[in-house]
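Worksheet: the structure to be examined is printed underneath.
Chain nomenclature is as follows: A, B and C, assigned in order of appearance, with residue numbering initiated at 1 for each chain independently.
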Amino acid sequence: MDLDKLRETAAEVAGRDDVKYLIGWKKGSYGYRIAPAFVEDVEAAAELIFSPLCTANLATYLTLVEKLPLPRGQEPDDRKVALMVKGCDSRAVAQLLAEKGIHRDEVIVIGCPCPGMVDPDLLAEKYPETEEPAELKWSDDGFVIVRDGEETAVPRDELLAEKCRLCRYPNPVVSDIMLDDPVETWEPAEDEGVTEIEEKEVDGRWAYWQEQFSNCIRCYSCRNVCPLCYCQDCILDRLNPTWVNRSVNFSENTAFNIARAFHLAGRCIECGECERVCPANIPLGKLNRKLAREIRDKYGFEPGLEPEGEPFQASYKPDDPEDFIL
Amino acid sequence: MSAMLLNKEKWPDFVGKLTGKKLWAPQGKGEEMRFAPVTEGEAPALEYGNTRVPPKQAVFPQTETMFRFQLGGEEVEVPEPEEETVLLGVRPCDARSMAIVDNLFGWEEDDPYYFKRRELVTLVGLACSEPGLNCFCTSVGGGPASTEGLDLLMTDLGEHYFLEAVTEKGEALLKEAGDLLEEAGDDKVKEKDKKIEESAGKIKRSVDHEGVPESLPGLWDDPLWQSVSASCLGCGTCTYLCPTCHCFDIQDEVEGFDARRCRMWDSCMFGEYTLHTSGHNPRPTRRERTRNRINHKYSYFVDKFDVIACVGCGRCINLCPVNIDIVEILRQVKEAI
Amino acid sequence: MKTNENPYIPYFATVEDTWFETGGERAIKTFKVVFDDEEVRKNWSHRPGQCAMIGVLGVGESMISISCSPTEGEFLRFSVMKMGKVTQALHQLEAGDKMTVRGPYGNSFPLEKWEGKHVLTIGGGIGQAPMRPVVEYVKANYEKYGGLTMIYGARTSGDLCFKNEFEEMARDEELSCHLTIDIEEEQWGHNVGFVPQILLDVNPSPENAIAVTCGPPIMIRFVLENLKKLGFEDDQIYTTLENRMKCGIGKCGRCNAGNMYVCKDGPVFNYATLKEIPEAFA
């Protein structure tokens, strides 16, 4: 992608009177790190980048805003938020729109067609991170690591993130501005991770998740990073009544993780952020993709594709199959 | 303090001497390494790097039963403390964090749960020869071979471990292992010192906190708090994985008539942490919470206990999902002062 | 004093008497409780301004002001507003029921230091709870003090706590007792108007006086402003803070306002100290 064009466009959008800020990606404080950028003025747009390291789904910030009561006499700031999105991120926006979690006129969507992101863990494992900032670029058949002026070409399959191998929508499904021509879509890989678990006996599945959930430290980074976990009043935070105990043990951790997975069934857009941020390395993607697979297979429904569509499980049709009730 | 040498070939025998005590050591690979019980009869290989979750859980478990009771009853039963535990391969920063947190848990009155475990735990440290990318211990009062909080420190000298007892508990371990050890000569002491110096030289990051504890609260309304917290997700990663973070919640949990009062890690980055029942929250957004986290570590704690509540382990930097970097925050703080 | 070695283990106490101070959804109920263990009862000592962690086993604990003065007898009083999980459970308790108590926690009003001075208390709503022990203490040691002025207000007469006691005080000519409600009501024989305004009307002299205030944040803000107008210096003014608390003994972390832990360094603060803490009135 042409970074000059990206920055020019961003500067133009961020400079608009009806725009509060633009959220994009910028270089992080060291190594491969990328940080979300909140661009409020034209100058700051020069920091923006789009590279194979921009895994973060920034759509979560649309609903993460903490609104304070306004001081008397102050008008609410109802300017728009501009958001840079990849294909998967745009599905989060579409899903939020469908659920009316956000409204179309509150957001300007800047689409970044995405040739696929690297897996940050794989990258650091194979090409250890250094303090000096490093960059990544796309090449025709993979990635290029740029460090200390030196370029290292890496084949795509070596570093491509799992969520991108499985991706069916690399191009934004909703956007106001597109920064580039759509990328050519690729044949999504078989979701072996999910299949592998499906093929286990019940006991084996239970043992697998028991081990995983026992590692959960309940930091809630998965919930907080999730663009679709945006309940103002999360059942996990409730104390009166307490739905999920604060104790960190397998039982409560399972209650939490299962509750979250079910609340995301038919809503998860498979951006993989939960798994990326989990400090306990729990393969949350598998859990959510399993439910997504069920819903795709049983109902032929995929969330986050139609901003105007009806959200699954929140709509009713008289001819809905109901054989599962009996 | 006595200094001894242990030939690495005798490491399994050294570990064997500790039978009867619970052994914990870093296990797993690379990023996923964590402190876990050692299988009996095995000698854990101590590797480079540090665990994701700090060993603070050995003295301050994430969830701890304070007492049990029957609903409607008037008897409470405090669980018996666990058996003696030896933690092998504790990094000096993590041991130092315990020495720092001792201040708080011992402030005016002792926290019985914490100190009971503290007494039962022996910390066998391993000096760092390959500091991590985000280590900055040397600039916050620690170092790759800091002994503060440790009972015994081991330094890897290739063929040997160089063993230094720091406390009586450490001396006792050395005594127990007596016949496995050899006296460390001056040459080995020099070799160790050189190794440590080299290691300290590999630490690239640092914070300059001169004047920060006094000036930090004065930056209360500085725009930097908005900018450094804008991307914060409000999760508990930085605090839960911080070896010096010690905040906890207390909850009653009931199953049928069996009930317990327990405490569990809590995080100042959660809104609920300070939320009043009335709905009022004195720290309503992530800006105030981030400000409090930094102030607490670099000012309030210093005010009370004369030591920075940050050991420079780098975990909060490594694992923050959105690259909120405490070294970078401190740089901006220093600039703003 | 007999102390539990483990500060987290509460004492059991029996509710001896209980009554409602106010009604409605957020009713305030007062509990008069007595420790079950005679030794604890004998050895317990608290000072005006201190708090205790009271609770119901299986539900939890809340930090509540001890609203009686030790001069009143070997019992404790707590006035609790029905707000969350724990206070709802407390409200279920009737005479004869058990609650748990640990404490006393925090610092207290330096009443010895105030001897010889005129004590002015300015309270609003449930904020009178920590004021009441001050009033009772000064009344009990009246000869040591230069006088007592009490200003107390609430939204309506139904929202006033400790009404009967104060009605009596208002009739006592030696004391200067001023009750007020926000809006005029029939049969109301006292002041009408906001507490800060009544403070100006009463116009107490700052000379050799100490002012103590507690109430809703907005009231405190204007009371402080008006005390300054009346000529009170910062170090003549005291107030109490509250924050969410869990341990009560400075370990759990959450109650700090700046570098001060409300549970240990507070809840009583001199305004000269407090105004240096940016988070104090957050």
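Convention: a residue touches a chain if its C-beta (ideal position, glycine included) is under 8 Å from a C-beta of that chain, and two chains touch if they have at least 3 such contacts.
On a predicted model such as this, the values are computed, not experimentally measured, just so you know.
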Please report the minimal path length, in steps, between chain A and chain C on the chain touch graph. 1
I'd like the most central chain, judged by C-alpha centroids against the all-protein C-alpha centroid. B
How far is the middle of chain A from the middle of chain C, if each middle is the mean of its Cα atoms, in Å? 49
Distance in whole angstrom between the CA centres of chain A and chain B is 32
CA centroids of chain B and chain C: separation to the nearest Å works out as 40
Enumerate the residues of chain A that touch no fewer than two other chains. 239
Residues of chain B that touch two or more other chains: which are they? 249, 251
Which residues belonging to chain C are in contact with no fewer than two other chains? 84
Spell out the part of chain A that touches chain B in their complex, as residue ranges. 28-31, 33-36, 38, 56, 60-61, 64, 66, 68, 121, 125, 129-131, 217-221, 223-225, 237, 239, 242, 245-249, 273, 276-277, 279-281
Which positions of chain C touch chain A when the two form their complex? 84-85, 88
Help me check something: in the complex, which residues belonging to chain B touch chain A? 30-32, 52-53, 62-63, 133-134, 204-205, 227, 230-231, 233-237, 240-241, 249, 251, 253, 262, 264-265, 267, 270-272, 284-286, 317, 319, 321-325, 327-328
Interfacial residue positions of chain A with respect to chain C in the complex: 239-240
Which residues of chain C touch chain B in their complex? 5-9, 12, 36, 57-61, 83-84, 87, 98, 242-244, 246-247, 249-254, 256-259, 264, 278-279, 282
